[in-house]
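Note that the chains are named A, B, C, D, E and F in the order they appear, and that numbering of residues resets to 1 at the start of each chain.
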Amino acid sequence: MKFQLIDAILEQSPERIVAIKQVSAAEEYLADHFPSFPILPGVFMLEAMVQAARALLPTSPRLVLGEVKALKYGQMVRPGETLEVEVTLQKRLEDGSYACKGSGTVRRWAGSIDASETAVSGRFVMRPIRF
Amino acid sequence: MKFQLIDAILEQSPERIVAIKQVSAAEEYLADHFPSFPILPGVFMLEAMVQAARALLPTSPRLVLGEVKALKYGQMVRPGETLEVEVTLQKRLEDGSYACKGSGTVRRWAGSIDASETAVSGRFVMRPIRF
Amino acid sequence: MKFQLIDAILEQSPERIVAIKQVSAAEEYLADHFPSFPILPGVFMLEAMVQAARALLPTSPRLVLGEVKALKYGQMVRPGETLEVEVTLQKRLEDGSYACKGSGTVRRWAGSIDASETAVSGRFVMRPIRF
Amino acid sequence: MKFQLIDAILEQSPERIVAIKQVSAAEEYLADHFPSFPILPGVFMLEAMVQAARALLPTSPRLVLGEVKALKYGQMVRPGETLEVEVTLQKRLEDGSYACKGSGTVRRWAGSIDASETAVSGRFVMRPIRF
Amino acid sequence: MKFQLIDAILEQSPERIVAIKQVSAAEEYLADHFPSFPILPGVFMLEAMVQAARALLPTSPRLVLGEVKALKYGQMVRPGETLEVEVTLQKRLEDGSYACKGSGTVRRWAGSIDASETAVSGRFVMRPIRF
Amino acid sequence: MKFQLIDAILEQSPERIVAIKQVSAAEEYLADHFPSFPILPGVFMLEAMVQAARALLPTSPRLVLGEVKALKYGQMVRPGETLEVEVTLQKRLEDGSYACKGSGTVRRWAGSIDASETAVSGRFVMRPIRF
């Protein structure tokens, strides 16, 4: 696989970004997670939010995941579905980190989408890489 | 990559199937096709129709692509977009082959979709594998 | 996999190219096409012709598959065998496209090769990429 | 890549497991995370704890990540280093979920390991998969 | 990649086997060995002989490479070329191992092949796996 | 896989290098070598020594494996274990090649390591690439 977990940015302002991750059966990790029951791993939902945050925030110094706070998982995302993530910048911290709020929603080409379709939501911190 | 080019079936009747192929930046062939300009290869649009046809038609004997007739490509499909293919069975041929008609449309989560968004359309034949 | 479907060019003149695609069991897509019966997918035979055409034709603007006309598949190509493709430029069209004729033959290190060994043949059009 | 993020279990009791994840330059996602600066993604540290938890807890029904609470990242883990994760079962919840505590430490073949070498620590919940 | 380094067996008798390994640009390790200069790694020529020996010898107990004696490398093998390996059983040893002699020759679809085209030759021992 | 078989250099002097190869279940070739019994292929132990030698020796002209002399394999290396290779330059030969001595030892995070834990040892020659 290529470790790129967002495919397109749908909306972007200085403090908010909306991006999507298409889930495709051609992605090889799905064969292991799980055999005969492919779903997007929860940690890849988090990574989609991390990569969306990286697209929203300054690129130098490089930012990595520093903290995860109260992240909750809901609906699963299967091949043929799309995870739409929204990340909002909450606050720039004194140590150069950024507190963010993020959520992910399942989108499907057929069928309705309602409130129960939240796949992930929570807060996390992006921090400068430490050498 | 896993050579699975349809992700979900949206509609199916005895003579018609509608399926989708999500295009995701995590699929590794996109790095080569093309460097710094990733698009779904035209032959993968065709393969998506072939695999949709295989899901529509009898599974034994195994069917492979036997003929392509007048296939035209239009709009390109990029990461974050979805190819929706529709395959219709036209006729069962005397040698056990199946004449099919297929088309593919680009679907996007943002923006409108109009007639110019056809990605591929044409006719093809699925034939029993020959040993 | 690396999406490179020709391995070497055997002959080349301004209007004709002969190239080969080695089929190797180490190529991962063969595990899916098909489990316990690995054969080169028909769309990869077409892609080998497309890539040979791209090596024959001007590189700017970039050319993609625009049309497939009357393509017929014959013999299958298995691991340990080689697909030799020959592409001939037929005509440069007014819109900057190129009409090509292509064919593919199975070559094996053991055994004879005769007329029944055509794997693919047909006509196709390479067109400039549209943004 | 194969989506298997623990390589060996070093210790296991009914409520605690210690497992390791070797980080090797042969793992392809490192080429993207990051180009010319390969480090184990933070979400893979979390996944190593999730997979260790799955090895510790009952296998039926299948458990997935349900919640992450107060996870903090410290030291980075590079190729040639090892992440040792320790997961402790805290409590079985009424809905069939399991509250866990986890931490990860960097181990290296050369050099000393001290308190500053914590790579990750926090709490998370494994919950039964919902269909 | 799939770790299968022989593609087809051309000849086989109780004490001798001839097999081929097609080298294809689609095999991903070639991108690293070497960037802009792809050649089959010498250790994969050896592995092709090991896998040919495994096809020649009894399958139980499983045999692994136990010893390499005086192996010499000659001509390189590039994408579009084929490595033909010949392995001959020399002797069954008392500990259940098998002494083998092996050689590999480069075959190309165009151009002549002469004595200087030996890619590898030497002796090696296949031994039962030890638990 | 990425064809990079050393992960870190632990020691280096003008005539000697010590490097490690972490063996991780995430490396995909292990699924084939062998199904349900993953071990580092013997040829990858050799390649780890070759790559360590390449890090020790001059980089221009590029050096490839030219000869293997009396290489013996001992202990197997499994996921979660580490192969530590030591390569010593023995002699610079007149044709620009380098005679080397190499050995590999299994290292584990738990349990003792004794003399029986040698995984590989022998002599080999690195030679300039021939065009």
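One rule holds in what follows: a contact is a pair of C-beta atoms (placed from the backbone, for glycine too) under 8 Å apart; a residue touches a chain by one contact, two chains touch by 3 or more.
Owing to the predicted nature of the structure, the values given are computational and were not obtained by experimental measurement.
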item: Path length in steps (a step moves to a chain that is touched) from chain C to chain D; value: 3
item: Each chain counted as touching chain C and chain F at once; value: E
item: Most distant chain from chain D by Cα centroid; value: C
item: Mean-CA-position distance for chain F and chain E (Å); value: 19
item: Computed distance of Cα centres, chain E from chain C, in Å; value: 29
item: Multi-chain contact sites of chain E, meaning residues that touch two or more partners; value: 1-4, 28, 31
item: Pairwise touch network: line, ring, star, complete, or other; value: ring
item: Successive chains along the ring, chain B then chain C then the rest; value: B, C, E, F, D, A
item: Of chain A, residues touching chain D in the complex; value: 1-4, 28-29, 31-34, 37, 39, 41-44, 46-47, 50, 62, 64-73, 76, 122, 127, 129-130
item: Complex interface listing, chain D residues touching chain F; value: 1-8, 10-11, 20-28, 30-31, 78-82, 84, 107, 109-110
